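Next come two complexes, and both contain chain A; in the first it sits with chain B, in the second with chain C.
For the complex of A and B:
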């Protein structure tokens, strides 16, 4: 057993047992971050904060929510919104956070794509990030079922139907997922379980993996520069903080993160109090009714682009295109054949690829919500084809790219 | 500077996306219907000046009190809501004590002459299947004058608009068809607190029976409106009650003919039901924002202090 001395202070007592000084160094004061970064590198922290808000508000909602098809709607819209002190606040925070988290995830993802932060040693950061995206999608979808409104019911119906895999007609899988022929009690209970237990556990584990994956390659920087962390950190510790290319995680990086988080919270609570409508679809304030199909069925905004890739094609081709869209982002580190780590705008044709991809995703998102008629379905079709074409072209475009 | 350009780019793409999936998509999916400000331009103006005293007699003779309670003057049919609904075609005719304030006068005049016309449900009724409220055929004198007199009388006994609460407006104009669960309202009225379970069950059974009657009369059960303020929004509700047919052609829901003021109150009552905490929300919002602003200023000062050493 290790040798223990009489402690001189509580700090010392803890340090002997938990090595808190060492941990503090490794995790904070000597966790080195490049200096040459902008506020987009704070999005990871913004995501952590948003996830914490989801977790805390969710715990409060869980105290009154009832996962029963007869009472779920009223437990949310009456009990939580009217009876429980500040229940409305928790619900608004939860709903807005669930929507905004995707905005931030998309910004975070496209920051990674723009600066090439997914390759040359950072592949695992990217892959764990995409797994987080999948987990968050599952979390959002399962959560959307819980108020048991019209959109819960019908979106649940439409999305679970996809698992029959088109002409394969594997209805057995659909029934297995639903636990019934149509969404009903068994369906609600299992999505409740997924939403409050299994998926959050997976998310927390994945966040751990994501952070661990950051450790060795370190985060990228605005110019994609590579430098010697040992040399730069030695410079910093020797007192040349201005000349060093690195900064400490705490308090250097943290102080900037905190400022970005503060500005973000202003925006976030502005949405919570004054502009929450986008996060709570009006149709879902009608209680679920299996006999009354709503005039327009659409998913929440963050799923619209992939929904629109499904829609313009015939059943089977649409499903294949949809499957393609779900996995293709994970493969980005391997489809990008260029060794350059640099901002997209300095990478020639890739710059065009990047901005086209953004415009295309926005077009898909908009068409996914608009009714599939006339000009909207034409634009949707072209945008879906463009999406696939962009990915097919990516290896060739990046192969042609000149080495830096 | 560079960070502001980046922020500008991120904001631009976010706002474009927001605009397309929210305001624009809603505009396409739900074409805008302009409010006509409850002018009821399709109905003729009253040509005669009504006389409330003559109206009292015409009203009593006109048979209205055979079906309608007028509680403020002590005229009661003696039937409860269920019996009355069953006797008069499916719904309990509303109490007329405040009808003169809640409903528009042009509408009342037209309603008295031809209920199906005023309420815009002529497509549902015919000579073989008449509207449950019979038209007033006149008391032998000048019909225009008599109708104007009844309207003047209804106005004279009604409370002024300031005394009509949102709940009164809703209960009178909508409550016979639409329950409002979150405000404790059933089609038979406010649900009492029962001491004994069996009394409550009996009441609930009566409500179900009432609903059966409404369903038969309307062709479907009018929905509970507890969350409609959220699911449809104020503008939809206002333009819908002003003229249900423009939104849902052929619908069984009648035009109820309320004044602009009553419509506003009805919407307010629905907001009380579906967005109960809106006042609290506004007041807390202010405090949270002030707190966050101060927090941001401190965060900025801290960042500046830390980064002084860094560049």
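For the complex of A and C:
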């Protein structure tokens, strides 16, 4: 048996059994963070906090929500919203957080793209991040089914139909996913299970992997500088805190992170109390009706860009373009052929690529919201083709880039 | 060495047990998600065709899906080509379109514009003519014709009658 001594304190007792001092060093006081970073590096922590708010508000909603097609709509719109004290608060926090989390995820992603934080040892951070994006998309979609309003039903119909894979006509898969010919009770109960258990579990596991993937390469910095962490941290520990290029994660960097979180929370609760409307679609305040499609179906804003890539083409080509859009971001570390880790604006043609991509995604998002007619369809088509063309061009553009 | 082969044997034995268990669980999990027998045993729906008016869309529900019934006007019939005629269901003097009212693109319910005499899908802008044939992308195929039987002036949905079988052979039901 391992040797234990009589403990001098509770701290010592725990340290002998759990090595808490060592863990604290590795994870916090000697986890080194570069000084040369800005508020965009706090987005990861903002995401953690937003996820925690989703979890807490979700737990409270769960106490009154009923996953039954006859009662689901009223359990949300009547019981939770009107009867339960502060029920509206949990619902608004949940809805606003579900929408804002995607805004932050996009900022976080494009920060990574701009500074080249997805290559030279940081590939697994990027890949686990994209898996988080997929898991969050599944979480948002399954949650959207639960109030069983018109948009829940018809979004459920359209999205599950994607799995027939176009002309392959695999209707068996669609019926298997739904447990019925159309979205009905079996569908609602299984998406309820996914939303409150399986997908959140996957998200928590993925957050763990995402953090583990950060530990060895460390976070990138504003200039893409590569430096010797042993040397810089030794300088810091020797007392030369000014000369060192790094600081401790806790409490030093954490205090900066939490400052940004505080600013974010003020904005967040401003939305929760005074401007929550954007996060809840008016059409979903009509109960689900399988015999009436709403005049105009569109997803929540964060899915509009990929939805617009589906829309202008024939069914099969649309599906292929949509599938392409869903997976292509994962491959970014391998499609970028340049070894440079530097901000986009110092990388020549890649800067143009970066800003074109942002403008194109905004155009796709705007067109996705407008009715599929006339000039909007045409702009949508060009934007969708541009999206694909940009990805095809990426390896060539980055190959031509000069080595820094 | 003896130890090694013993370890190898135990490893393989575990692999075999785990493999059988994994396959078994996957089968159970897959079938748990299949539609229930009560869902599959969907009933039949009867529709009285005598009350249907020309150029006014009637929507019935069958297996949770909307069924479109459109009685054609003489003007419509005069303009029709062979492909369109082949999809008509004739009851006495009258011709009807009967089809599943879910867009063949991704399953929205197209709306009937009686003035323009066509179906328009609001989701992604697809269009169908009065015979349910796709005339504007993205839908890739006509609105499908469900199994039906004509019983006097009653339309029975869910049962394969003579007329349906003939249409199916001619390949116009999909």
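Here is the rule we go by: the second predicted complex is superposed on the first by the 404 of 404 C-alpha atoms of A that agree within 3 Å, B and C clash if a C-alpha of one lies under 4 Å from a C-alpha of the other, contacts with A are read in each partner's own complex, and residues count from 1 in each chain.
Following the convention adopted for this analysis, a residue touches a chain if its C-beta (ideal position, glycine included) is under 8 Å from a C-beta of that chain, and two chains touch if they have at least 3 such contacts.
A quick note: this is a predicted structure, and the numbers were derived from the prediction, not measured.
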Report for A:247: first if it touches chain B alone, second if chain C alone, otherwise both or neither. first
Quick one: classify A:296 as touching chain B (first), chain C (second), both or neither. both
Taking the superposition as given, does A:369 touch the first partner, chain B, the second, chain C, both, or neither? first
Partner chain in contact with A:256 - chain B first, chain C second, else both or neither: first
For the three-chain arrangement built by superposition, which of chain B and chain C touches the greater number of chain A residues? B
Go through the superposed model and pick first if A:17 touches only chain B, second if only chain C, both, or neither. neither
Going by the contact rule set out at the top, does A:25 touch chain B (first), chain C (second), both, or neither? neither
Just to be sure I read the superposition right, which of the two partners does A:346 touch: chain B = first, chain C = second, or both, or neither? neither
Residues of chain A contacting chain B in one complex and chain C in the other: 295-296, 371
Spell out the part of chain B that touches chain A in their complex, as residue ranges. 2-3, 6-7, 10, 13-14, 16-18, 20-22, 24-25, 28-29, 181-182, 226-228, 230-233, 274, 276-277, 280-282, 284-285, 288-289, 292-293, 295-296, 299-300, 302-303, 305-307, 309-311
Within the complex, which stretch of chain A touches chain C? 154, 157-158, 161-162, 166-167, 175-182, 184, 186, 190, 290-297, 310-316, 318, 371-373, 377
Of chain A, residues touching chain B in the complex: 35, 38-40, 74, 77-78, 81-82, 88-89, 103, 107, 241-242, 247, 251-252, 255-256, 258-259, 261-263, 265-266, 269-270, 273-274, 277-278, 280, 282-287, 295-296, 301, 304, 358, 362, 365-366, 369-371
If you look only at chain C, which of its residues touch chain A in the complex? 30, 33-36, 39, 42, 59, 61, 63-66, 102, 104-111, 122-125, 137-140
